[in-house]
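Going by the order they are written in, the chains are A, B and C; count residues from 1 in each one.
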Amino acid sequence: MLKATNPIVMTVANTITSGDVANGLNAIGASPIMPSAPEEAEAMVNIAQGVTINVGSINQEQFRQSQLTCNAANSQGKPLVLDPVAVASSPYRSQVVDTLLGDYDFSAIRGNVGEIAFLAGVAWDTHGIDAGGGEVDFEQLTTIVKTCAQKYHTIVIMTGEIDYISDGKTVKSVPYGTPAFATHVGTGDLLSSLVAAFLTVASTDEYLEAAYQAALTFALCGQKVSDKLPGQWFNGLLNELYLVSNDKINHWEKEELHHG
Amino acid sequence: MLKATNPIVMTVANTITSGDVANGLNAIGASPIMPSAPEEAEAMVNIAQGVTINVGSINQEQFRQSQLTCNAANSQGKPLVLDPVAVASSPYRSQVVDTLLGDYDFSAIRGNVGEIAFLAGVAWDTHGIDAGGGEVDFEQLTTIVKTCAQKYHTIVIMTGEIDYISDGKTVKSVPYGTPAFATHVGTGDLLSSLVAAFLTVASTDEYLEAAYQAALTFALCGQKVSDKLPGQWFNGLLNELYLVSNDKINHWEKEELHHG
Amino acid sequence: MLKATNPIVMTVANTITSGDVANGLNAIGASPIMPSAPEEAEAMVNIAQGVTINVGSINQEQFRQSQLTCNAANSQGKPLVLDPVAVASSPYRSQVVDTLLGDYDFSAIRGNVGEIAFLAGVAWDTHGIDAGGGEVDFEQLTTIVKTCAQKYHTIVIMTGEIDYISDGKTVKSVPYGTPAFATHVGTGDLLSSLVAAFLTVASTDEYLEAAYQAALTFALCGQKVSDKLPGQWFNGLLNELYLVSNDKINHWEKEELHHG
């Protein structure tokens, strides 16, 4: 996994969840950096192997930092992931995300159904910042994730009870969700940065598979400790990310397929 | 409680404690949003049911965001709570709080004795950012909380070993404090945002009772795990907030009255 | 220790780790304040007994706040500690640190080998934000820490598997490191603020000993819980900081010397 390569992953971070994201990256074997100054955006991309832009606490300074960061990541051909946190919740935020998606090439976008549906231009009833819900079927979700991936020529990881990962052609799924993920704020933010970490050890034609592996690893690690209460669950997840290996993931997946 | 309504609670957050406050809101069944940009302040209030302004890490940008947020909350008639963190510690901070209190209507103010005494204009010896201490009597504390509530035409929740809640006429008390609350930074910040959450499910003439219920729930949940060391206490509190119900609170309160 | 004096320690904080640093200070008996506004920098130094500048999330506003904070700390003769987080990672950050070190007198600098070697002007292969590594010998590390202390006329605490503390003449060492410190992000940030806390109860000619005691206390407390996984280790460290006493440190150190 990532423990051997120890990639530096830069995140323009959501200030609410930055500590947890940094510790999650650290647990799985990446080195997190989360600078704040636009003035050092390019230099920080220089030393990073992968980059994530999270708009969870975006403001004008962080937008400027994001633009300079995206520009450097694209120039240097480094994997660039977008987390469009609550993109539908304000015109300002929608505009910021629209500008970033228009001006830069993202390797992947990670969001919940509400966020991805909004980006895809598909009607979806969101509950403000959450994914929204109601009865949905596999076909509808597949259409949303594929449409978004096609529209932005990128990999989309759409997370929920089932995660859907698509490059616009194929759709892979990770059906190992647990409600435990909703008991801690910022697990989506962490997955977005983990996707960037996984992309650092893949070539561009392996990005779909790498994004899938990130979602799979995250879901299975979270599920292993899903019996824990909210106050212990995230710490349990950190331990699983710390102890995880390819062998474990393969073994867990076989168990799931057998019992599922 | 709040699990059925799942209100969105917006906090202009203290960046030091924002993650813990978000997880505390999440645990009790509210959805936290903590944006940073003045540009989206009004839109974020649109999707929120309750709002808290916390001045713990106030600066000029966050002050401007707070003003726009308060303006929108007042226009939309949504509950608005102020946490005047360390208001007495600098002229800048005192001025910010004074301006907010002068220009907007707050549904409630939550602070420690030092902060509330400062706002009330009553002499009190603070130790910088803490509440200060020394020998105090019930009458003195009652006068402070009532004076502050009368001065700002609001509900005041003054927290400490005993919490006092007043609308300027009545004073209710929650005598279930535990020193454990002081072993974790930001528990006061969390209570302020929880008060906003509780106000979202009350009509304005029920605000005193709702604020009391917030303080009561928080104190009893914290007390249930007061045997834990600092490294485990806050996570224990999160679990209690996650598991709490009206029945539990009623039951715990009866036990306290019986043994107390 | 610090529980009796309860000093207020102001930190211009790394926003990624600020909550953990605040809780670590709180655990050992100090009161943390972490303001954000340049406008209140001087007033906050007024109420503080010790100050730390951490450049982990430095930007232009925080740089201005740091300058005003350093100026006030120097004017008031209060202990001032610098944490040059990732100083070598960008020209912007190097420039900020260089300006601060040129314009103000620091009582102590706390950094890892990569950061201290960069400040000392000694060649060292850093891995971006980490300390870097490879084969090093005691003499090389001793030279780095002494050179840095001499260059900036300050106490330097250089942390790693072995911590080295120097005033430019003497070099003291704390050989009680554990890899557990690397499993949680921001432990270095916490030690920097703890150094400021320890300096508040020392006279200037005792600063070397006080910085050594801070490093010793931190290393031994972390080592006591080094069998814990990443998700539990930092909380375990908080408990040890909460429970620590001079007697315990003396006792632990004797045990180490006996078995080591």
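Here, a residue touches a chain if its C-beta (ideal position, glycine included) is under 8 Å from a C-beta of that chain, and two chains touch if they have at least 3 such contacts.
Labels paired with UniProt names: A, B, C = Hydroxyethylthiazole kinase.
Computed from a predicted structure; not experimentally measured.
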Intersection of contact partners for chain A and chain C: B
Chain B against chain A, contact positions shared by both copies (same if over half, else different): different
Mean-CA-position distance for chain B and chain A (Å): 33
Where chain A touches two or more other chains at once, by residue number: 15, 19, 235
Chain B-touching residues of chain A, taken from the complex the two chains share: 15-17, 19-20, 57-60, 62, 86, 89-93, 127-130, 182-186, 229-232, 235
Contacting residues of chain C [partner chain B, same complex]: 6, 8, 13, 15, 18-19, 22-23, 26-27, 31-40, 43-44, 47-48, 61, 234-239, 242-243
